[in-house]
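For reference, the structure is listed below as C-alpha cells.
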Amino acid sequence: MIYITRRESFNAAHKLARPDWSDEENTAVFGKCANPNWHGHNYQLFVTVKGEVNPETGFLVDLKWLKQIINQYVIDKIDHKNLNLDVDFMQGVLASTENLAIAIWNILNPMIAEGGAQLHSIKLYETDNNYVEYFG
Amino acid sequence: MIYITRRESFNAAHKLARPDWSDEENTAVFGKCANPNWHGHNYQLFVTVKGEVNPETGFLVDLKWLKQIINQYVIDKIDHKNLNLDVDFMQGVLASTENLAIAIWNILNPMIAEGGAQLHSIKLYETDNNYVEYFG
Amino acid sequence: MIYITRRESFNAAHKLARPDWSDEENTAVFGKCANPNWHGHNYQLFVTVKGEVNPETGFLVDLKWLKQIINQYVIDKIDHKNLNLDVDFMQGVLASTENLAIAIWNILNPMIAEGGAQLHSIKLYETDNNYVEYFG
Amino acid sequence: MIYITRRESFNAAHKLARPDWSDEENTAVFGKCANPNWHGHNYQLFVTVKGEVNPETGFLVDLKWLKQIINQYVIDKIDHKNLNLDVDFMQGVLASTENLAIAIWNILNPMIAEGGAQLHSIKLYETDNNYVEYFG
Amino acid sequence: MIYITRRESFNAAHKLARPDWSDEENTAVFGKCANPNWHGHNYQLFVTVKGEVNPETGFLVDLKWLKQIINQYVIDKIDHKNLNLDVDFMQGVLASTENLAIAIWNILNPMIAEGGAQLHSIKLYETDNNYVEYFG
Amino acid sequence: MIYITRRESFNAAHKLARPDWSDEENTAVFGKCANPNWHGHNYQLFVTVKGEVNPETGFLVDLKWLKQIINQYVIDKIDHKNLNLDVDFMQGVLASTENLAIAIWNILNPMIAEGGAQLHSIKLYETDNNYVEYFG
C-alpha cells in the first residue's frame, strides 16, 4: 500500500453566519468571520489516495487523471467563487473549512474508487495557521 | 543606511469590476475576478523602512512600534473585510493589488516619517504567484 | 470524525546538556547543541484536535478558543524564554524537542478534553529540517 | 511512542519510460515525463522514525546519526544523479516517485532497526504539488 | 511607477560541462553538476514588470496576458526538457542559471515592451538555496 | 551585470540588553527580547554578489566557493552560539539583527572582492516576519 498526494489551490469568499441568527448572534459566535460583506482566503487542498503500485507504470494512479478530476469536479466549482452563494454542494450548511472538506470528500470518494484507487484523506488549509483533515 | 521589513497578513474579499460597466464588460476584462458574488485572498503585506541604526538600541526602528501602526492603521481596517464595500480608503478605485499597495503606502508614509524613519517599499502578495511592489 | 490543526510559533533558547555530566561528556553526546552559553530556535507548534462537527456552528471546535488556550498555557510560558532555566514544566528533563512535545501534550490534553474535543497530536518543528510528533 | 522526522534534499534527473515500449507508447502513458532527453527535480525526502524516548539523552534517536545514514546510504547515491542510469537500487523498475520511496524504505529500514528505532514512513516530494508516502 | 511579479515553475534536466573539455576537467570545475548522465531541478521563475497603473482597470498589466506569454515563449520550451539538448535558445552557452536567466530576459523583454510595460527583472531559483537575478 | 544569492542557515541565542542599563530599563525598551536568560532564533542569511558572467564557465562566481567562505568565516562562528557571549565580531555592540547584518557584510565584503566579484547585499531573517537588508 502506497499513498500519493496532489495539491491544488483556489481562492474564494465566504462568511460564517447562520441565516436564522441575527448579525449580533453571528458575531458573538463567529467573530470577524461573520462580517456580512464577506471575506476570503487562498485555500490549499491536498487530496491523498492510496493503493498498490501498478508494476506496468510504476504509478499508484496517473497524477494527470487525479489532477483532472480534482479540477473538473471541485476546483472549477469553488475557485473565484462565493462558497455561501455560488456553490451548489455547500447549500444548507455553514461554509466552514470542516464542512467544505467533508463535501469535497463526498464528491471525490466515488470517482477515485471508480478509477481503481482509494481516497485516503482530504486536507484543506484555510490559512497557513489552520487546516482540517477528513478521512471519511 | 539599513533596511528592515515587517510582514503582516490579512484575509479579505474583493472583486475586480467597474460599477459603470455591465457584468459582461467586467467579465471580458477581469475574467473570473469579476464574479459579482466576490472571491477572496490571504494577503501578505511586507512593509520595508530604511534609515540609520540607532547606536543606543542597535535598532533602525522599534519593530513593536512598526507592527503596532501597521496593525492599527492598515490591518484592522482590511482584515476579514470586503475591500470594495468596507474599506474607506479604497472607495472610488478598483480593488486591485496595485491600488491597495499604493493606498497602504499613502497611509503609512507620513506615520513612519514622523517616527524618524523612511518608508522604502510596500510589497503585497495576493497569492503565492503574484505580488506588487510600490516605492512611492 | 474530523481533525483540525492550529499552528503557533515561539522563539526560545536552550541547550542539550545533563547537569550531572561534564562539558566534555555533554559535547561528546550532544555535539554543538551542548554549547554551555546556549543557542536557540524559532519553533513551530502544530496542535491537532479531533471530534465531530457541531451542526449548529459547522465547527469541530472554536479556533479562537483553541488559540487562546495554546497561547495562555503554552506559548506565554516558553516564548522568548530559556527552556532549561525559565520553564517550570521542563524542570528535571533534558530540553529536547521530544520532551517539550510530550510536556505540551500533558498540559493541553485535559484542557481540550474539557472543551469537548480530543487532542490528537502535538507536532513540534525545531528547524525546517527536524520535527517531532507525539500522539499520547 | 514518539515520532521524529528528518528532512534531506537532493536533485536528480529521470524519465518515465519503459525500455520495452516505443517513444509513442511512452508519451501516450507518461506525457511530457517521457521526454527521451530527461528532465529533473529538486526532491525532498522526509524520513520518520518512531520509538521510546531515551531518558538519559531526551532523544528518540541521535539526529546526527540519522542524518549520517540517510546521507551515506541514500542521498550520496542519488544526488546530482540520473535515477534511471546511475542508481543501482533503481535498476529494473520505473523511476517513479512511488518506486523511489519504496526503494529508500528498503535501504533504511534494517539500518534504523539496528540503531534501536523503527522506521515509520518515507515521504518523498517530487514537486511542491506532489508527494508519496510509504509505511512499509 | 509600480512593479508586479508573476511566478511560474518548471522542471528540467541539465549538466554543467563544456563539450570541449574532458570529463575530468569538467568535474574539476563544476563538481557533481558535471555528471555526464545529467541531473535536474524544479526551477522557479519570477518575472517582474514595471510601469504606471492604468486608471481604467487598476492594473499595471493584465496578469492573464503576462502569464500567457511567459508560458508560451518560455515555460513550454523548457518544462520537462533537457536544457542542454532540447532548448534552442540555450545552444552554444553553458546551461547555468545565470545564462538561462539572461536568455529568458532576451525573449521576454521585447514582448513586454510591445505590451506597454517594461521588464524590470528576471529572478530564477535553481534550488531553495540559490537564485540569480538579472536586470538587463 | 548579474546577481547571484546563496542562502545559509544558523541557530543562535541572544538577548537585547545593554549591560550599562538595569533589567527594568532593558525590559522597558526591548520588551521580552531583554529576557536575562536569553532566547534564540533559526536565522536565515542571504548573501547576494554581483558581477559579470564568466564566459568560460557560465558562472558569476563558483557557488561552492561562495558557500565555503560564508560557512568558514560566518556560519561556523555563529551557529549554535550565543551572539552576545561567544562571537568575537559582535563584542561591544547590541546583538540586534541590524548589527549582525552589518558585521557579516564587513567580514565578507573584502573576501568576495578578492574572489573577483562584488558583495551586493546581506539579507538576514530573524523570524519569518522580520528581516534586515544591508547594502554597505
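General remarks:
Chains: A, B, C, D, E and F, in written order; residue numbering restarts at 1 for each.
The rule we apply is simple: a residue touches a chain if its C-beta (ideal position, glycine included) is under 8 Å from a C-beta of that chain, and two chains touch if they have at least 3 such contacts.
Since the model is a prediction, treat every value here as computed from it, not as a measurement.
Simply put, subunit B must spin 180° to overlay its Cα atoms on subunit D, rounded in steps of 5. The interface with the greater number of C-beta contacts, when A-B is set against C-D, is A-B. Averaged C-alpha coordinates put the centre of subunit D at 33 Å from the centre of subunit F.
Per-chain CA centroids place subunit D at a distance of 28 Å from subunit E. The centroid of the Cα atoms in subunit A and the matching centroid in subunit F are 42 Å apart. Annotation for subunit B: residues 128 touch two or more other chains. Here, these are the chain pairs in contact: A-B, A-C, A-D, B-E, B-F, C-D, C-F, D-E, E-F. Only residues 1-8, 48, 53, 56-60, 62-64 of subunit C touch subunit A when the two sit together in their complex. If you check the complex, the residues on subunit F that touch subunit C are 9, 11-14, 32-33, 35, 37-42, 79-82, 85-86, 127-128. Within the complex, the subunit D residues that touch subunit A are 16, 18, 29-31, 93-99, 101-102, 128-135.
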